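Following are the structures in question.
Look for chain A in each of the two complexes below; its partner is chain B in the first and chain C in the second.
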Partner chain A sequence: MTRGPLFHEQTARQRIAALVDPGSFDELLPPPERITSPYLAQLGIPVSFDDGVVIGHAKIGGRKVYLAAQVGQFVGGAVGEIHGAKLTGLFKAAARDRTPCIVIVESGGVRLHEGSAGEIAIAETMRAIFECRAKKVPTIAVICSDIGAYGGMGILSTCCDFRVMTEHGRLGISGPIVIEKWMGKKAYDSSNRALVWKTSGGKTKYLLGDADSLVLDDAGAIREAISKLLGKSSAVSLKAVKARQAELAKRLKRFGQTEDADAVWKGMGVRDIEAASLASGPEFAAMAKREK
Partner chain B sequence: MEKFTKAFPSKPLKARTAKPWALAGVVGSGNLEVLLERAGASGTMECHVETSIPGYKSSWLAALADFATHYPAGGTKVTIHDQGAPPVLVNLRLRQAYDHLTGGDK
Partner chain C sequence: MKKLSSRALLSQLFGTSAKGIAVEKSLVTGYASVGATRVCVIGTCNGTYVDNAAALHLAAQVIDCIEHHPKMPIVMLVDSAGQEPNRVAEMLGLASYFGHLLNCLELARRNGHKLITVATGQAVGGAFICYGMFGDRIYALDSARVGLMPVEAMSAVTKIPVPVLRKLSKTMPSLEFGAHPFALLGGVEAVWTLDDGVAAKLEKAIATASTEDNRAELGKKRGGRKLALDIRKKVLTESAR
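Our next item is the complex of A and B:
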């Protein structure tokens, strides 16, 4: 089987180009405009032309979408004031134009060098996402990279209607190293990759319902998953939030005390842990559905 | 942080390029980003460098002068954000940006 380059190995701009109709991407605030971080410059840290996020609009299957892709290699894809303002503006434009908005996440969260500005920017972006959802404008987070979606970007991703993940992607609030520093290596060993992915990786997130599709690490597969979700959106209702809260309370009661990641998989209906571990994303999703 | 600007003589860039600007690389440890734009006088390559590692201006000027000699890059503006890239990588990123500018994104 011949396939294109792995999605997680591509750069932010390559990822966008691979997902959208050829030549349809129009970048907003492109590098020549030099909208860079004033804080990093003050601290003597080199700035980046796009402040670590590429935004714009394009077409997917002929349908207009707004898109953002974070650059994980620049300060870990972390959200500073400019970076966050670009995300906020993009979701606001999506709500205004009633156009779906997709964010390709690769970020550890807020940029510590500009903490307060970054936190506020994340909050403003969440507000813009809920503006979209109130108008039933689809919002999708694509989490398919090494860095994944952590901290404020983890929360922001879960505010979107849907999350498309690969086996490779990770989603959480505190990152593995942070948890280890707080709780100790005995409680959570961040160098144990199997443990890290069994607790925050795409497969586990799919089992728990935090990811809506689990796909191959390939632009074509991700594009197909996005296309299927583009038509749908749900407004946030009190009833839905209460139902979700009850579900989470149940999950906490069930798995809150367990120290074994496999127990969560078993509890969610995975019978053969080894086969499930070796399965590809789509195979795993099919298994999980069959065994439910 | 060290900043400097210098223009180098270079043969004119061809009249038509695939794009008005091109970007190569990323600001990460041991890496740099190069923005190459069509701008300025046709006989010079105008360079703006910002680097987190001070004290290597002579190496930078040598690497940039070398590129301006080997490639027809007159009428371009080069802006660099550097986080400690070695000279060989500077040359590679310049060539990548040039390639994207003239031939389009690969």
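Our next item is the complex of A and C:
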């Protein structure tokens, strides 16, 4: 079977190009406009002409979508004032035009070099996401890179209607190195990749229901997953939040006391941990009896 | 600055009606009055960390308010050092617990509940993002420690020397830590002094709040965050072509 390049190894612009209808992407505030961070310039740190996020609109299966792709190679995809304002503007445009909005997340969260400005930008983008959701405009976070979605971007991702993940993707708030520093290496060895991915990786998030699809590390597979979600939205209703409250309480009760890294997998019906670890995303999804 | 107990602070804000508010494991939930206005209160105190259980506890209070007290304003108090950095918390999806709390608050907003935040102590990082910064209008006490992180912590992570960051923060309030610089960015509407009639100010804040997010406008007007609004507008204009 021949496949294209691995999605997690592609750059932000390659990812967008691979996901959308050929030639349909129009970038907004593209690099030639040279909108760069004054904070980084003051600190003597190299700037980037897109400030680490590519935004624009395109078509997927003939349908217009807004898209953002964060650039992990540039300060870890972290959100500064400009980066964040581009995201806020994009979601607001999506709400205005009632056009689905997809964010390909690759970010450790707020860009520390810009202090609180990035933090506020993330909070503003969350409000813009909920503007979309109020109009039933689908919002989708694609979390398919090793850097994943951490810090404020992890929280932001959970505000979207849906999350598409691969086994490479990671979703969380505090990263493994921070937790290791806090709790000690015995509690969390950040160099133990299997443990890190069992804690925050796509497979675990899919099992728990925090990721809506778990797909191959391939643009075609991710595009297919997105296509299926473009016509849907996730309700913000009393019934929905009450159901979610009960589900999250049950999860905490079942797994909250365990130190066992495999507890969630076993508890959610994965019988053969070894085989499940080696399985591809879709194979894993088929093996696991995910509770609905 | 003197450190108030959580009870003393609640009394300042809610007078004798503060007795209706429970403080348990540094989480604040209940119903009280601000002047003549009945309000629902959720929050943190003692600089506690917010974990999965805490997020659920606060969410439950928001849901109760939506169900039983239509359109009652919700006051959110923030004194938290951040999210709980814990492996099990992460494994269980702490981000999703925070997302759930935000969903509950969004439902409240849509149902006509005003959301007013007061940062009373520490309002740092993920713990501020997971509910306080989602308010319609956000206020801070002048003694509150508001922002991404103190300069020393920023220096430790970025490896940029503290004196360099301090010098830059003179012209870039975003790098400074505290209620006043955060207000310059538009992150808070106004900074309050505790002894200066906070209850009356809170009552007025509830009466005048609107759901329109005005932080980028404020940040530009106050000069602390000059780019955000224009960049956002540029995206909106160019995408409309």
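The rule is short, and it goes like this: the second predicted complex is superposed on the first by the 287 of 292 C-alpha atoms of A that agree within 3 Å, B and C clash if a C-alpha of one lies under 4 Å from a C-alpha of the other, contacts with A are read in each partner's own complex, and residues count from 1 in each chain.
Methods note: a contact is a pair of C-beta atoms (placed from the backbone, for glycine too) under 8 Å apart; a residue touches a chain by one contact, two chains touch by 3 or more.
The structure presented is a predicted model; accordingly, all values stated were derived computationally and were not measured.
J.: Return fit or clash for chain B versus chain C, each positioned on chain A through the superposition.
T.: Here chain B and chain C can both sit on chain A without a clash.
J.: Looking at A:G84 after the superposition, I want to know if it touches chain B, chain C, both of them or none. Which is it: first, second, both, neither?
T.: second
J.: Answer with first, second, both or neither: which of chain B and chain C does A:F74 touch in the superposed model?
T.: In the superposition, A:F74 contacts chain B only.
J.: Go through the superposed model and pick first if A:P32 touches only chain B, second if only chain C, both, or neither.
T.: In the superposition, A:P32 touches chain B alone.
J.: Figure out whether A:I273 sits in contact with chain B (first) or chain C (second), or with both, or with neither.
T.: neither
J.: Counting only touches as set out at the top, which of chain B and chain C does A:T11 meet: first, second, both, neither?
T.: first
J.: Between chain B and chain C, point out the one touching more chain A residues.
T.: C
J.: Just checking: does A:L230 make contact with chain B only, chain C only, both, or neither of them? Give me first, second, both or neither.
T.: neither
J.: If you've got the overlay open, could you tell me the nearest Cα approach between chain B and chain C in whole angstrom?
T.: So the smallest C-alpha gap separating chain B from chain C comes to 13 Å.
J.: Just to be sure I follow: which residues of chain A are touched by chain B in one complex and then by chain C in the other one?
T.: none
J.: Report the residues of chain C in contact with chain A in the complex, numbered from low to high.
T.: Residues of chain C touching chain A: 52-53, 56, 59-60, 63, 66-67, 83, 85-88, 90-100, 102-104, 106-107, 110, 125-126, 128-130, 133-134, 146-149, 154, 157-158, 160, 164, 168-169, 172, 174-177, 181-182, 185-187, 213, 215-216, 219, 225, 227-229, 231-236, 238-240.
J.: Using the touch definition up top, name the residues of chain B that touch chain A in the complex.
T.: 1, 20-21, 23, 26-28, 31, 33, 35, 37, 50-52, 79, 81-83, 105
J.: Could you please specify the touching residues of chain A with respect to chain C in the complex?
T.: So the residues of chain A touching chain C come out as 28-29, 35, 38-39, 42-43, 55, 57, 66, 81-82, 84-86, 88-90, 92-93, 96-97, 110, 112-124, 126-127, 130, 133-134, 149, 151-152, 154-155, 157-159, 171-174, 176, 178-179, 182-183, 187-188, 198-200, 204-205, 208, 210, 236-238, 240-242, 244-245, 248-249, 251-252, 255-256, 258-259, 261, 263-264.
J.: Applying the document's contact rule, which stretches of chain A touch chain B when the two form their complex?
T.: 11, 13, 17, 30-32, 34, 44-49, 71, 73-74
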